[in-house]
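The same subunit A turns up in both complexes below, where it pairs with subunit B and then with subunit C.
Presenting the complex of A and B:
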């Protein structure tokens, strides 16, 4: 399987290449007032507004650092009606994609909170790369917020 | 406000690497042959991206992405375009794992299928090599290359889907194209039978006309034959 690797702070993470549409540089987003910090804003993607989530906010309670290697990963997010809609994820050090065997997957100890969006891990030398599940990263609260948005685009 | 961010870089490749003035003296070169294969070289390359993002950069990219047209957005799919015999074909990129240099194909004794050429080494790993010419029923071609000055355009294409993996040689590779549903046409009924069954659509791209291969059928054919 193809993995897109990135960092969130010091931690190494990856998502399945299957979910990825494309990787974009960090651009200016339209802020949404009174939105939870997790929501970075809306991306004007060729005339379509795409919600963007800051993954550092999700795990580290701070925004991703504005570096050249910090990028927006556009993923395909499945809606409850089984249609898909693009979703942007901001992550740090998005500079690498690797092939790994499905058999390399392990299930490390995870808190119930982490279990919600982590689907497993892979060992790379002494380091562990956590696998993020794109489909569960967005909680109920966020989904409700973009319900109308997604209804229009879908 | 202009932000200057300095990163200290040890450009060992200019000192003791392949771009060095004197003899190549980095001990790692023995193992990696060229600096571009070296772990240190890629780590430093990535460090360069760890610098603050400039206003101009954000500004120009925001504009570019906001004004993408439909064709540049993700409606399309990607396919690898290559030549078998004198015909151009496209294969969806999801199943293409690697394109490798041509290397000798070793035939196998007692091979059971006319289309199995043998085994071939791709970066040290032995892979089953099949002939798409045989499978698709295309006459062998000696046409060298459509581009001038290309001496050996033949390549090996490594494909894999659900654990079924094989390699096939092609006469040359054109590149990767991004296409939309509208660029696909139905396969003409007059087309030769065996070719037809492995071609799911005809793809028109930049004045070129090529058969988009039906990977499900192709993999099923190989899988069915190997068991």
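Presenting the complex of A and C:
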């Protein structure tokens, strides 16, 4: 399986290549007033306004650093009605894609909170790469916030 | 009262009074004589004017009448002279008679009041009609002569002219007598005046002689009295008796002399008593003086010793001054050497200054070169950034390619390998550019720190150059000062020489002083012998003074 690797602070993370539509450079986003900090803004993606979530805000309570390697990962987000909609995720150091076997997956000790959006981990030498579940990374409140948006897009 | 007044008169006053009184008497007698002479002179002129002149005129009138009227008339009648000549003679005679008569009557003799004068006035009034008759006859004679009337002429002579002749002569004779009498009376009066004047003069003369005799006697007596008293007092004074004083009550010149004498005696008395006291004091002073002289001798001996010490000291000063002079010569040499060293140092400094200038230029060049280096590095950075961007894009492209290959499944496996290779290349490029970036960054920071260092260095060079210039100026001023010091040192040297000379002169002077001190000692010895003589003289003086008797 293909894994798209990235960093959030010092921690190494990855998401499955199946969920990824494209990797885009960090462009200027349209701001949404009075939105929570983890919502970075809206991205015009081929004529469609796509919400973009800052993963650093989600895990580290700080925005991602504006570097060349900080990029937007466009993923397929499954809506409750089983339809899919694109969703932007900002992460740091999005420069690598690796092929791993599914058997390499382990279930390390996780807090219930982490377990909500982490689906497992892979060992890479001494270090550990956490696998992020795209479908659970967005909580109920965000989903409610973009319900109408996605309804229109859908 | 009169005696008191006389005693108070000064001798001068008395003499003046006496002389004035005599002068008054002489003046009075002179004035009396003068008055008598004046009276005599007046009488004489009166006699001449009032008696002698009329006498002469009367006599002439009588003569004119006889010779110039009667005679020509008779001669004309007898034909001895011409009628015309006779007429002119007669008319001339008439004019002459009238003239003379007028002179007589014009004399005013009313001041002479004697009986002869009264007769004379009476005679004049009696004669006056005869003069008119003469005038009348002459007029008729003249007419007859003019007409050459012989009958008339002889008639006139016989009846008119000759009858007048006798009374006319009579009256003239009376007038003559009266005038003579008047003159006699005037003479008598003058004689009387002369007698009175003579008497008054003799009396005045006798009075003057008598008064002067008496006054002279009184004056001589007064002066002799005063002189006797004064001479007596002088005799006492001559014998050394200063107690005698003169008593003189009059307030004249002798009174002043006596007062002066008494004052002099007082002063002398005081003086002599003072001299007596002074003699005693002198004796004691001389004794004291002798003691002092002994002390002085001792002092002079001490002084001589001190002078010898001073001489030794001044010799030492001379020696010290000459050694100081040598030292100053050394100092002078050192100062000259220092000035020379400083000069060469200044030259070296100016060379350093030049070098510094060149260093500043070189520094500027280096900074410029560093600037170029920095620019180049910046360009490299730009290129590296571009490469970096390309690498980044390549990385992004390879990621998306890998994702697309995954989605293609089995068909995309080859493509996935290529994507992975491309990504590895991009990563290597990124790493390489990172290294280059790092190196460029290092170069840039090195250049900028180099520029900073160079700036600092240039600043230091500049401040060093300034310091060197400062030092150069200071050295120059030091050289000037040292060179300025050289004349001072030379002056000090001269001063030392003159000081040495002065010390030698002092030494000479002190040896003279020593001689002087010896002479002073000799002089003191002489003074000692003089004091002995003085003592003797003082004793004699006291003995002499004791001769005077002084009221205590």
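The rule we apply is simple: the second predicted complex is superposed on the first by the 154 of 154 C-alpha atoms of A that agree within 3 Å, B and C clash if a C-alpha of one lies under 4 Å from a C-alpha of the other, contacts with A are read in each partner's own complex, and residues count from 1 in each chain.
Here, a contact is a pair of C-beta atoms (placed from the backbone, for glycine too) under 8 Å apart; a residue touches a chain by one contact, two chains touch by 3 or more.
All values derive from a computational prediction rather than experimental measurement.
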*Is this a clash or a fit when subunit B and subunit C both end up on subunit A?*
clash
*asked:* Quick check on the superposed pair: does A:44 touch subunit B, subunit C, both, or neither? Answer first, second, both or neither.
replied: first
*asked:* Just to be sure I read the superposition right, which of the two partners does A:27 touch: subunit B = first, subunit C = second, or both, or neither?
replied: first
*Now for A:70: first (subunit B), second (subunit C), both, or neither, which partner does it touch?*
first
_For A:116 in the superposed arrangement: first (subunit B), second (subunit C), both or neither?_
neither
*Return first, second, both or neither, reflecting whether A:86 touches subunit B, subunit C, both chains, or no partner chain.*
first
*For subunit A, which side has the bigger count of touched residues, subunit B or subunit C?*
B
*Just subunit B (first), just subunit C (second), both, or neither: which does A:97 touch?*
second
*Against subunit C, colliding segment of subunit B, chosen among 24-32, 60-68 or 96-104*: 96-104
*Across the two complexes, find the residues of subunit A that touch subunit B and also touch subunit C.*
21-22, 25, 68-69, 95-96, 99
*What residues of subunit A sit close enough to touch subunit C in their complex?*
2, 4, 17-18, 20-23, 25, 68-69, 71, 94-97, 99
_Per the contact definition, I'd like the list of subunit A residues that touch subunit B in the complex._
21-22, 24-28, 43-48, 66-70, 74, 86, 93, 95-96, 99
*Partner subunit A, residues of subunit B touching it in the complex*: 46, 48-53, 57-59, 61-62, 65-70, 72-74, 97
_subunit A partner contacts - residues on subunit C that touch it in the complex_ = 388-389, 392, 395-396, 398-400, 402-403, 406-407, 416, 419-420, 423, 427, 430
